[in-house]
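Input: structures, listed below.
Two complexes are shown next, each including subunit A; its partner changes from subunit B in the first to subunit C in the second.
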Partner chain A sequence: MSLVGAKVLRKEDPRLLSGTGTYVDDLSPAQCAFASFVTSAEAHATIDAIDVRAALAIPGVLAVYTAADFTDYPDLPGGLPTLERPALARNTVRFVGEPVAVVVAEDRYIAADAVAAVTVSYSPLKVMTTIEDATAGDSVPLFPRHGSNVITIVPTMDDLEKELAKCHGRASLHIVNQRCAAVPIEPMAVLADWKPDGLTVWATFQAPHHLRNYLATWLDIPQMNCRVVAPDVGGGFGSKIVWYPELFIAPVISKLLRRPVKFAQTRTEAMMQMAHGRDQVHDIEVGYEKDGTIKALRLIVSQNLGAYGDPTGLGLAVLTTWMAAGAYRIPKVSTSFRTVVTNTTPVAAYRGAGRPEAAYSIERIVDQVARQTGLDPAVVRQRNFIPPSAFPYETHNEAVVYDSADFPAALAECLRIVDYDAVRAEQKARRNDPSKPLLGIGLSCWLEIAGFGPNGSLEGFGHLASWESAQVRIQPDGSAIVYSGSSPHGQGHETMLSQIASDELGISFDRIKVITGDTAAVLQGIGTMGSRGAPTAGSAVKVASSRVLTRAKRIAAHLLEAAEEDLEVVDDAFNVKGSPGKKVSWGDVAWASFQPLRIPPELQAGSLEERLFQESPNFSYPSGAYACVVEIDRETGDVTIRDMVLVDDCGTVINPLLAEGQVHGGVAQGIAQALYEGVSYDSSTGQPVTANLLDYLVPSAADLPDYKVGRTTTLCPNNPLGAKGIGESGSVGAPPAVINAIVDALSEFGVDHIDMPATPEKIWKAMKSGGNS
Partner chain B sequence: MSTITRNVTVSMTINGQSITRTIDARTLLVHFIREHARLTGTHVGCDTSNCGACSIMIDGESAKSCTVLAVQADGCSITTIEGLSGPYNGMSAVQEGFRQCHGLQCGYCTPGMVMAATSLLNEIPDPSEEQIRSGLEGNLCRCTGYQMIVESVRWAVEHPAP
Partner chain C sequence: MSVALPTSVDEVVDLLVRNPSATLLAGGTDLMVEVNLHGRRPTDVVALNRVAELRTWSVDSSRRTVTIGSGVPYAEMETGELARLLPALAEAARTVGSPQIRAAGTLGGNLGTCSPAGDGLPVLAALEASIDVVGPNGSRQVHFADFMVGVKRNSLRPSEFVRSVTFPLNDGWQGYAKVGTRNAMVIATASVCLVRTNDHVAVALGAVGPTIIRANGAEAWLAANHRMSSPPSNDTLAEFGRLVREASRPIDDHRSTAAYRRHAVGVLAQRLLTRSYS
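Our next item is the complex of A and B:
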């Protein structure tokens, strides 16, 4: 029986449910000291002086370090050369929360006292938190060496003004995709132990091998002496693939103090120091014909990078413009973008990273076309879909060739589950009944780019690459250990990869163990991000396992004196087909594999092992059709989600339970972006006003609805599993569905658009002002 | 600026085991549990008592252990995730429900969520979906989107310990 596709319960759960998981802050080696950071209270200033004397006088304080102690070390990796970021702020601070000094103490309480005792004097500089402020005539450059706050500009060759003008009608929207915080419930934590024979760093991180590689270079030590371990990781969502200064500073302190040193971020620190996501402004315009077909699309993107240009942050707008046309066949597409630094927390990946922004704008403008033509939004979508026969479909960007999809089928399934016509009828009936709340329904036929991806097209993304590693090793008793370079943070790789290996090897699920996240065990790896686990890591395990099986079969055939073709492997044994009882167990084959005299002469002892770097020829493109039904209180503007229908196409599903979990979690974050969340700053001072979980509204169980899940399947032709990935689907697909539903509900007030988060206050104002707020 | 640390001796029972330590009087109960009793299943996810990752039981009552000083729990009986047990391979029905219904992903919120759910079922043995959702309002999960957590709790209701 195939395990791929089966609802298998997770291997991870018993330890995580019994409190015996191991997160970084759970580790406390003997003599462990605790680090805590003095962070900038100013958004933009020069540092005049740092006085650490009072801190050093506190009993239990071991040391205080500033940038002056790190002059031997290079800037942090990844940024553009002109946007240098030292490990600790040197001379200039550029956002509130930027690390300025680090104290080390016997425990975290004393460390907190010491942080409070350090005084830093600043001379304030002009603060610019928004793109407008950072590009205004009176702006000053954050990086004088770079000269301008505009870091990259990718202009368009053709603004399509002619094509747009030719169309029957034009629709345009100015869209703000607000800044969000990833908020993994485990904040950043790092433990470094520098010993004479090598460094070990435990970090809550999504890409431990990249961290190892960068750390070794930065510290100027050989990689053999630099081990990075990502143990259990308490969520990431993109925020744990950033080269945070804490990760680089902790090893240095451990070296200087000759003690293990731990840093565990508080939530308030995390809200200011962990990279944020989104923060794009779009001007989108389309030209359409009378029947709703869209002939031309223009998208102009401005990306707020925050302070410093995080390598992923710089790439977000690239992904957005790649995916600008979504699921639609639009003959002419023009995109352009610019990225701008500001005095805010750096912006990098957050679940979806550039793709939710694209999906949101195209799905909003399609609704606007429906509004202006008087057509139903479902009909406008149907008329513009790329037909299933057109795949592989080359988009406006040559790097982006959609692999496969059936958009009409997905939408049809979504409309069926939500009972679209009935909702529309109910909405009509309610229009003139002020005793009932407003009703709206919103659709989102989204698609994203995942399974990263072919090497050449990803050079700009620094650490993201196409391959993923797998190593399958049969133990002498016939159990197997699978090593994967994709280090998870909640996705369930131990289960998912065991299912794949079990199917390929014929070894039972319980006799397979998966090891990830330790550079001493796994040679190289990319990590877990960008919905790449199943398509890349899963495919690697599949191919490596099947190669091991080929050799195992040869040994089994040799032992049984049978032909390889006559063997089948079931229940941990190799059987000769049609000869009941003629069999050899996997354990016997494994044992024999280490004995030179018992294996076929052409094989070497210990050959039941395979390491593989699986590379995909192209990306994968998960897609789906979502529908959201909302009710809005006419008095308060309060939104209730009555129905949330999610039809996903992620290609091959390895484990429907895990896939559904990924969708739910992503949708929850998508709804959160649509209704609740948003990082904001006081624009005159640059002080964050959402720096804890009181002010930043992460929704609870009471705030979120039940989800109805459906599925259509088109396989990804670019990897042996046919999987497309599912991690980001929900956060890409949900926001436009929710906002389209709200705008639909508010249509009778003449409201064309409402920015996220659609708070009751915003909705109430929109109802009062008829959309002219 | 000067810092006055005052050391106090506290005693409590955690999961049936008594523990006495002399500690900095400022020590939060959650740090006492994690760093002095070395039970690291109880987690810390915030500094404003919003997330519930630190949920435990004090004398049978649900509590967020980051909002309580260790000295305030002097003489109390504490139950943490490590103290739960039951017929499902040593796990309770609530723990098993989370396993059966995929009520966890990264697992960081999970011990707190399981403790809060256990307390909820002590108070309301057969809660509706709405009661589960409002009962767990003080516990944030960033991974699951909550529906499977709600189903996990319902699983426990439907599978009372034999």
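Our next item is the complex of A and C:
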């Protein structure tokens, strides 16, 4: 029986749910000192002086360092020329929360007191928190050497004005995709221990090898002496593949003080220092014919990068423009973007990273076409879908070739589950019944680019390569250890990879152990991001396992004096087909595999081991059709999600429980973006006003609906598993479904669009003003 | 920092007399936020959780009152006998924070903090609860209206603290409603407690002014223009809502605009009035 596809309970849960997992802050080596950062209270200023004397006088304070102590070290990796970011702010601070000095003390409480005792004097500079402010006539450059706050511009060759003008009608929207915070349950934490024979760093990170590669270079030590461990990691969502200064500073402090040094953020620090996501402004316009078919699409994107150009942050708009046309066959597509620095926390990947922004705009504009043509939104989608026969489908961008999908089938399934016609009928009936809340239904036929594995795809973001590694090692007793370079942070890799290995090897699930996240154990690796775990790491384990099995069969055949082709693996044993009782256990084969006298002459001892780097010829393109039914309180504007239907196509489902878990979590974040969350700043001072969980509205279970889940399956032809990845799907698909539903409900008030988060107050204002707010 | 662990009300008074600047600690759900996030550094703390008397409540059937110790946590008000006696308080208690916060947070702390958004306070205002304040000169009863004097300001004198709150029991209807930015773990952007008896409707508004506001104009208008025995007409509701809005004095902040707060408090009051007849 195949385990791939089965609802196997998560292996890691007993540890994680019983409080026996190990996170960075659970580790406390002897003599461990604690670091805490003095961070900028100003959004944009020059540093006049830093007075550390009072802090140093506090008993238990070991040291205070400023940029002056780091002149021997380079700027943080990944910065563009003229946009470099030093580990500690040098001369200029560019956002509130930017580390300015670091205090090291015997414990975190003394460190906190000492941080408060450091005085920094600033001369304020002009504060610009929005793209508009940073590009206005009176703006001043954050990086005077760069000269402008516009960092990159990728213009379009053709603005499609002609094509748009030829169409029967044009629809356009100005869309703000607001800034969000990733809010992993575990904020940043790092522990560094510099020993004469090498450095070990424990960090809550999504890509330990990536950190090892850059950290060693930055510290100018050989990688062999730089071990990075990502122990249990409490969520990441993209915010833990960023070059935070703390990661680089901690090892230096440990070296200077000759003690292990730990830093663990508070939530408020995390809200200001961990990278944010989204923060794009779109102008989208389409030209359509009378029947709703879209002939031309123009998308103009502005990306707020925050105060520094994170390598991923700089690439977000690329992904957005790649995915601009979504699930639709649009003959002419034109995209352009620019990226702009502002006095805010840097922006990087956040679950979906560039694709939720694309899906949101295309799904909003399709609804607008429906509105303007008077057609049903489902019909407009059906008329524009790329047909299943058109795959692989070449898009407006040569890097993007959709692998496989059946959009009409997914939408049909979604409409069936939500009972679309019945909801439409109910909605009509309610129009004339003010005693009932408004009703709206929204669709989202989304598509995203995932499975970051093709050569070159991650190199562009600064990674060593884009393959993923696997190593499968059979122990002498026939149990197996699987090493994966994709280091998880909650997804369930131990379960998923064990299922795959178990199927391939014929070794039972419980006799497979998965090891990740330690550069001393896992030889090389890339990491967990971009919905690549199953497509790349899963495929790597599948192929490596099957190669091990081939050799194991050879040994088994040798031991049984049978032909390899006659063997089958059942219940941890190799049986000769048709000869009951003629068998040898996996344990015996494994044991023999280490004994040169018992193996076939062409094999060597220890051959039941395989290591490989799995490459992918193309990305994968998970897709789906979501429907959201909302009720809106006519007086308060309060939104209740009555129904949320999620039909996903992620290719091969390895474990329905894990897949649903990923979708539930992603949809929660998507609903959160649609209704609740948004990072905001006081625009005149640049002070964050949402730097805690009271004001940054992460939803609770009480705010979220039950989900109805459906599925269609088109296999990914580009990896041996046929899997597309599902980690980001929910956060891509949910926001447009929710907002389309809200706009649908408000249509009788003449409302065409409402920006996220759609708070009750915004909706109330829209109802009052008929959308002219 | 010193922490005293008194076990009786007298001991608390003694400690406060000796050190009027000592900080009282009940559930700590406000105080620890002050300490951890806002840099408050108390030097002497008097912890109340071992004072058994503060953690009890009782009914006086002859006087028709319920007296709740200042250290009784919200969790005890949410269900059971207290919830039956004081349904509005139960409704308010259920909206406070999360289960963890309700297991620790107390009315004494809500009164100590005296935030206009405190969920217990509109209930005290609408029910005209009286607060038993103990100090060096014994105890005094303070009407809620005289207790809360401004944003996070109360009329406690040095070395005084809240022993208990006494609520009159009545046969009427009472309810509490709150609007916030999400469904749980949320500070009210507007809240209303409404109490309807045979001849009167009392309405108290939270989070829409520097103190809890009694909508006196709306109350008087209803008493004069509405027959309490029957549900309000649409016109009555409209005028009632208008007068409630008029009574509010909200401000703009990053959680809500004044305009929305004013609107919401009117809607909540109208809905509570309607609900009181259903």
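Convention: the second predicted complex is superposed on the first by the 767 of 773 C-alpha atoms of A that agree within 3 Å, B and C clash if a C-alpha of one lies under 4 Å from a C-alpha of the other, contacts with A are read in each partner's own complex, and residues count from 1 in each chain.
Rule of thumb we're sticking to: a contact is a pair of C-beta atoms (placed from the backbone, for glycine too) under 8 Å apart; a residue touches a chain by one contact, two chains touch by 3 or more.
Small disclaimer: the values here were computed from a predicted structure and weren't measured.
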Original post:
Just subunit B (first), just subunit C (second), both, or neither: which does A:I481 touch?
Top reply: neither
**OP:** Identify which of subunit B and subunit C touches the larger number of residues of subunit A.
**Re:** B
Original post:
Given the touch rule stated above, what does A:G234 touch, subunit B (first), subunit C (second), both, or neither?
Top reply: first
**OP:** Considering only touches as defined above, state whether A:S680 meets subunit B (first), subunit C (second), both or neither.
**Re:** second
Original post:
If you stack the two complexes on chain A, which partner ends up touching A:S700: first (subunit B), second (subunit C), both, or neither?
Top reply: both
Original post:
So, A:E660: does it touch subunit B (first), subunit C (second), both, or neither?
Top reply: first
**OP:** Using the touch definition from the top, say if A:Y23 reaches subunit B (first), subunit C (second), both or neither.
**Re:** first
**OP:** Kindly classify A:W764 by the partners it touches after superposition: subunit B alone (first), subunit C alone (second), both, or neither?
**Re:** second
Original post:
Does the superposition put A:A116 against subunit B (first), subunit C (second), both, or neither?
Top reply: both
Original post:
Given the touch rule stated above, what does A:N692 touch, subunit B (first), subunit C (second), both, or neither?
Top reply: both
Subject >> Doubly contacted residues of subunit A, that is, touched by subunit B and again by subunit C >> reply: 116, 268, 692-694, 700-702
**OP:** Using the touch definition up top, name the residues of subunit B that touch subunit A in the complex.
**Re:** 1, 3, 5, 24, 26-27, 31, 34-35, 38-48, 50-51, 53, 80-82, 84, 89-91, 95, 98-100, 102, 104-111, 114, 129, 132-134, 136-150
Subject >> subunit C - residues contacting subunit A, complex >> reply: 37, 39, 98, 179, 181-185, 187, 254-257, 260, 263-264, 267
Subject >> Contact footprint of subunit C on subunit A as seen in their complex >> reply: 116, 268, 635-636, 638, 676, 680, 689-690, 692-695, 697, 699-703, 759-761, 764-765
Subject >> subunit B-touching residues of subunit A, taken from the complex the two chains share >> reply: 9-10, 12-14, 16-23, 25-26, 28, 54, 58-59, 107-110, 113, 116-117, 182-187, 232-235, 237, 264, 266-268, 489-492, 657-658, 660-661, 664-669, 692-694, 698, 700-702, 704, 706-707, 730
